[in-house]
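By letter and in written order, the chains are A, B, C and D; residue numbering begins at 1 in each of them.
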Amino acid sequence: MAVVLGYNQYGKAENRVVRVFRDRDPHEIVDYNVSAALSGGQEPVHLTGDNSPCLPTDTQKNTVYAFAAEDDIVAQPESFGIRLARHFVDNTEPITRARVKLEMYPWSRLNNPHAFIRDGRYVRTATVTYDGSTTWIVSGVKDLVLLKTTDSEFWGYIEDPYTTLQPTNDRIMATSLLAQWYHTSEDVDWGKSYDTVLSALLDTFADHHSLALQQTLYEMGSAVLAGQPQIAEIRFSAPNKHHFVYDLARFSLENNNEVFHADDRPYGLIEATVRRDDAPDPSLAFDPGQGW
Amino acid sequence: MAVVLGYNQYGKAENRVVRVFRDRDPHEIVDYNVSAALSGGQEPVHLTGDNSPCLPTDTQKNTVYAFAAEDDIVAQPESFGIRLARHFVDNTEPITRARVKLEMYPWSRLNNPHAFIRDGRYVRTATVTYDGSTTWIVSGVKDLVLLKTTDSEFWGYIEDPYTTLQPTNDRIMATSLLAQWYHTSEDVDWGKSYDTVLSALLDTFADHHSLALQQTLYEMGSAVLAGQPQIAEIRFSAPNKHHFVYDLARFSLENNNEVFHADDRPYGLIEATVRRDDAPDPSLAFDPGQGW
Amino acid sequence: MAVVLGYNQYGKAENRVVRVFRDRDPHEIVDYNVSAALSGGQEPVHLTGDNSPCLPTDTQKNTVYAFAAEDDIVAQPESFGIRLARHFVDNTEPITRARVKLEMYPWSRLNNPHAFIRDGRYVRTATVTYDGSTTWIVSGVKDLVLLKTTDSEFWGYIEDPYTTLQPTNDRIMATSLLAQWYHTSEDVDWGKSYDTVLSALLDTFADHHSLALQQTLYEMGSAVLAGQPQIAEIRFSAPNKHHFVYDLARFSLENNNEVFHADDRPYGLIEATVRRDDAPDPSLAFDPGQGW
Amino acid sequence: MAVVLGYNQYGKAENRVVRVFRDRDPHEIVDYNVSAALSGGQEPVHLTGDNSPCLPTDTQKNTVYAFAAEDDIVAQPESFGIRLARHFVDNTEPITRARVKLEMYPWSRLNNPHAFIRDGRYVRTATVTYDGSTTWIVSGVKDLVLLKTTDSEFWGYIEDPYTTLQPTNDRIMATSLLAQWYHTSEDVDWGKSYDTVLSALLDTFADHHSLALQQTLYEMGSAVLAGQPQIAEIRFSAPNKHHFVYDLARFSLENNNEVFHADDRPYGLIEATVRRDDAPDPSLAFDPGQGW
C-alpha cells in the first residue's frame, strides 16, 4: 500500500469586490463575493512543499480585483467568471482547471442618481468551470423565500408504523429556494436570461395548485426549460419551511387555518433535477462540494 | 453584607407567529418574531424556587399565538405589542411590568392573490413597555443596508501619533442601519407613520452631501422629527461599512475610485440620538439590554 | 421646538487582534475582538460636519494594535481595556468618555510548544468604561452552554386561561449563559478572578437541586459574590433551552425521560441580577445598548 | 425535446435529538443533528403529485426519534446512521437509497454525575449511504480550529504580473478544519476510531514543519491512513485563516511577528484528498451537494 494525492484544488475564497460605474449617469454598482479554485500539477506542493507550481491565493485575489476594472466583463457574474477561469488556466503553467463561484448581491436605486438600497430578496449566483478547452456555465439563485397561503395539499402518502401526520387539503407552503441551471451555450444575454428564469420560477410557484412541493418544483423547472433552449437542466434544493397551525381550541378560540407557528428545525428538504431528455452530461458544471 | 436580588425579568423569546388573513381577497399575511418579558414580585421564585408568582413562559407563548387571532390587533407590531403588554400586567398578579419586543418581516405580493415573496430590505421592529399606568411605544427598523457612491467626504479630523488615515473628498458611504424612535402619543396610524419615517430616512441619506456619517445621521433624524410631531426622539446605530479602494496601480491599471474591497471587520460604529429639546424623558421606553 | 443632539458615541468595532508571546517557551497567545467607543464634544461633527473634535475610528484601530505590543497590558482583557480607555480620554481633547468592550477567545495548547486548538467552551469578556476620573470594570463570560439531566423541577406556577403546561418533577435544564460582573476594585489578579468565577458558576449549576432556572441563577450569583469581595454584582441572561420529551408511546415505545427534541425557538429567557445589599450604584459600568 | 426528472432525493433535515442514558451512573448523553434523505421511485410525486410512493418527511422524523431509544445504536453516529439508512430502504417500498447525515456535538462532564458543559472544540460527523446492498460509511470532523505560531513557511511560488505577496520563512498558520474519511469495513469501534483519527490530525498539525498548508494536510492525511487500515481515503477542506502582521513601524514600535490582525475574508481555501493507491472507488460515499 502507498498513499497518494487524490482530487485537490486550492484558491482564494470570498473576495468581496464592489465595482462602481462612476462615468455613467446615474451611477451603477455591482457587488460580488468571488471564490476561485485552481487545480493541476500540484503534487509537488502537497508531497514535498515545493511551491513552484503554486500560483498563490493572494495573487488570485489581486487578479479578481484587477479584472473588476474591465467594464464589460464585470457587469454580469457569468462573464466575470468566464474571464477569470480562462485567465487562470490559459496563463498559468501548470494549472489545468479553474472553477470560479460568484455571488452577486442586488441593489435597488433610491430616488437619487448615486444612492442605493440593498435588495435582500435573493442572491444571484454563477459557477464557471474551465479545463483548457470546455467552459461550463451554471447560473443560479439562492435565498429566495416564497410562501403561498393556499393552493397546497398533501395527502395520499405511505403510512407505516411511525406515521402520525394528518393529510391536509389546505396548508401554507413556504420555501427558501436554491436553484442552479446549466447553459449549453455562451451566446446568452446573461442579465435577460436571469430575469426570465426568475419570472418563470415566481409565476409558476404562485399559480401552481400543489399536491406536493416536489410537484411544484418540477413545474417550476419545466417552465424554466420551456423558456430558454440553451438551459439544459435545473437543480433545486428547497427546504419545506413548516408552518404549523397553532391549536387555539384549547383557549376556546377558532383557528381557521389563520394562526401559525413558523418552525425552524427540523424541516423537509426536497432536492430535484429537471432536465431535457436530450441534455448533454453536465460533467464538471456543478460543484460537487466534498463529493469529489 | 447580604446578597439580594436586583433587576430581573423573564419571558418567552422569539415566538415565530405568522398570521394569514384568509377571508380577504387577496390574502394578506403578517410575519412576526415576538419576545415577551415580565417583571414584578418574582423574589420567591429566585430565592426559594417558590413559583407561585410565576406565569410560565409557556403560557406567555400561548397568549402570543392566541392574540394573533385578533384581526385589528395583529396587523401592526405596535398594536400587537400594546395588547400583549397590557394583558400580562393587568391580568396577572403580581406582574407589574411587561416589555414586548417585535420583529416584523415584510413580504411582497407576487402576481397572484395568495402568493408572496419575502422582502429582505429591512426588518420592522417595535418595543412596547407597560408598567400598569404608562405605555411606552418605540418603533424601529433594522438591517436597512444603504450605500452612496459619492457625496461623502471625510477630512479635518484630529491627528495624533497613531494617525495614518488619509483625508478624502470622495468616498463610498455605506451602512446597515438600526434606528428606533419613541412616540409620545398612541393616536397614530402605525403603518402610515412607519412608511413616513422610512421615506425620510431614505431620502435624506440619498440627498445629503456628507462630511461625516455622524452628520448624515443627524440630518436623517431631523427629517424624521420634522415629519411627525409625536416622535420625540430617534436613536441610531450605524456601522460604517468600509469600502477600500483597491490598489491597482501595482498592476499598471487605473482605479479612479471604481474598484473596492468591501471589508468585514473592523468597522466604524456610530451611535447617536436626535431629539426634540422639549421631549420628555424616555424613561423605560428603550430596552437597556444588560445595562439595567 | 428645536432639534438637538442627544446621547452619542462612536468608535471602531471588532478589531480582531492576535498577540503571540514569541520569546517565551512554550509560546503563548491571546486572541481578542476589541471594540472602542468614544464620546464628548462631538456636536460639531453631527451638526455641521466639522470633524475637528473627531479622533477617527481608523486611528482608534491603530491604537488597539499598537497597545497589543505591550506585554503586561495585553495578557488580560481587563488590563488591555483599562489601558485603551484611559489613553483615549486622557490624551484626546475633547473626548470625555471611552468604553472598550473585549471578547477573548480561549485556546488550549496541543502537545507541542507552538501549536494550539481553539477551545470553544466559552468566550471571556470585559467592558471597561472611563470618564476621566472613574474607571468601571466589568468582567464576563458568554456562550457557556450547560445542561443537567436531572435535579430540575418546575411546578406550582400561576395558571390562567392560556395555561397548558404540565408540571414536572424531573426535566432537562439547559442554558447558554451570558454573565457579567462588576468589580469595585482594580487590585485584582484578573486571570485568577475569572477562573474563580467560572468554577463557582459551574459547580453551583451542577450541584444545585433546581425548582426554577431563576433559583439556580440566584444560587450561582450568590456563590460568585461569596468568593470575591470586590465583585459587587453579577447580571445573568440565560435562555431556557427547551428539551421536549418526544412522544414515543405512539409507536408503542417507552420513553422514560430519555429521548428529547432540542427545540430552537421560542425559548424562555431569564434575566436577573444578584448583588450585595451594600453595593454601590454601577453607574456607567454596564453597556446599555440602545437603552441610553 | 421532452422534460424529464433527473436526480432527486427528499427527507427531513436537522432533527435535533438528544438522548440521555439515565440508568447509568453517572448519566451519559449524546446530542445529534440528524438529516435523512431518501430516493427511489419518486417520479409520480414530481410529475403528477401522486404521493403514493412518498414516505413523508414527518414520518422520517418520528423514526429518527424512535430509533434514538435503542441504546447500542444511538451511542455512535455511524451505527445510528446505519440503522436509519437500512430501515428506510429495507422497509419502504419503493425507496432504493437512503443517505443519513449526522452531526454530533460533544459534551464534557462537570464535577457531578448529572451535569455537562458543551465542548465546542469540534463537531463530529458521519454520513451513511445505503442502496439496498452496499453501505458506505464516512466519518468526519468539522469546526476544528487550529493554529501554530511558527514552523510555517511559504516561498518559492509562481510569480506573475499580479503577484505582490512577499515570501516568508515564519508565519502563523491557522485553519478551521473540515475532514471526512471513508471506511471500507464496518467492523470498527467507531468511538475509538474517531479518537485515533483526531489524535493523528492534531499531532501532525502540531509537529509538522510546514512549507505550505497543502503539505501539512497531506501529512495529516497520511498519518490518519497509517493508523487504520480500513480508512481508504480522507478529504480535507481547510481555509487558510490569514493572520497579517500589523505594521507598527509607523508608530516607531517594533513588531517582531508578534501583533497580528486576524482577517475574515477573503481567505485561502485548500481542498485535498489523501488516499491509498489501492483504495476502492468511493462511489456514493461522499455527499455531492448539488453536484449530482
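Just so we're on the same page, a contact is a pair of C-beta atoms (placed from the backbone, for glycine too) under 8 Å apart; a residue touches a chain by one contact, two chains touch by 3 or more.
Small disclaimer: the values here were computed from a predicted structure and weren't measured.
Over half of the residue-numbered contact pairs of A-B are shared by just one pair in A-D, C-D or B-C, which is C-D.
Bringing subunit A onto subunit D by least-squares fit of CA atoms involves turning it by 180°, to the nearest 5.
Mean C-alpha positions place subunit A and subunit D at a centre distance of 22 Å. The distance from the centre of subunit A to the centre of subunit C, with each centre set as the mean of the Cα atoms, comes to 38 Å. Averaging C-alpha coordinates per chain places the centre of subunit C 31 Å away from that of subunit D.
Of all residues in subunit D, those touching 2 or more other chains are 15-16, 62, 66, 162, 164, 250-251, 264-265, listed in ascending order.
Listed in rising order, the residues of subunit D touching subunit B in the complex are 161-162, 164, 250-251, 264-265. Note for the complex: subunit B touches subunit A at residues 15-22, 27, 29, 31, 62, 65-66, 68-69, 107-108, 110-112, 114-121, 143-151, 172, 202-203, 205-207, 243, 246, 248, 250-251, 253-264. Interface residues of subunit D facing subunit A in the complex, by the touch rule stated above, are 1-16, 35, 37, 42, 45-59, 61-63, 66, 91-92, 153-160, 162-165, 178, 180, 210-212, 214-215, 217-218, 221-222, 225-226, 233, 235, 237, 239-240, 265-278, 286-292.
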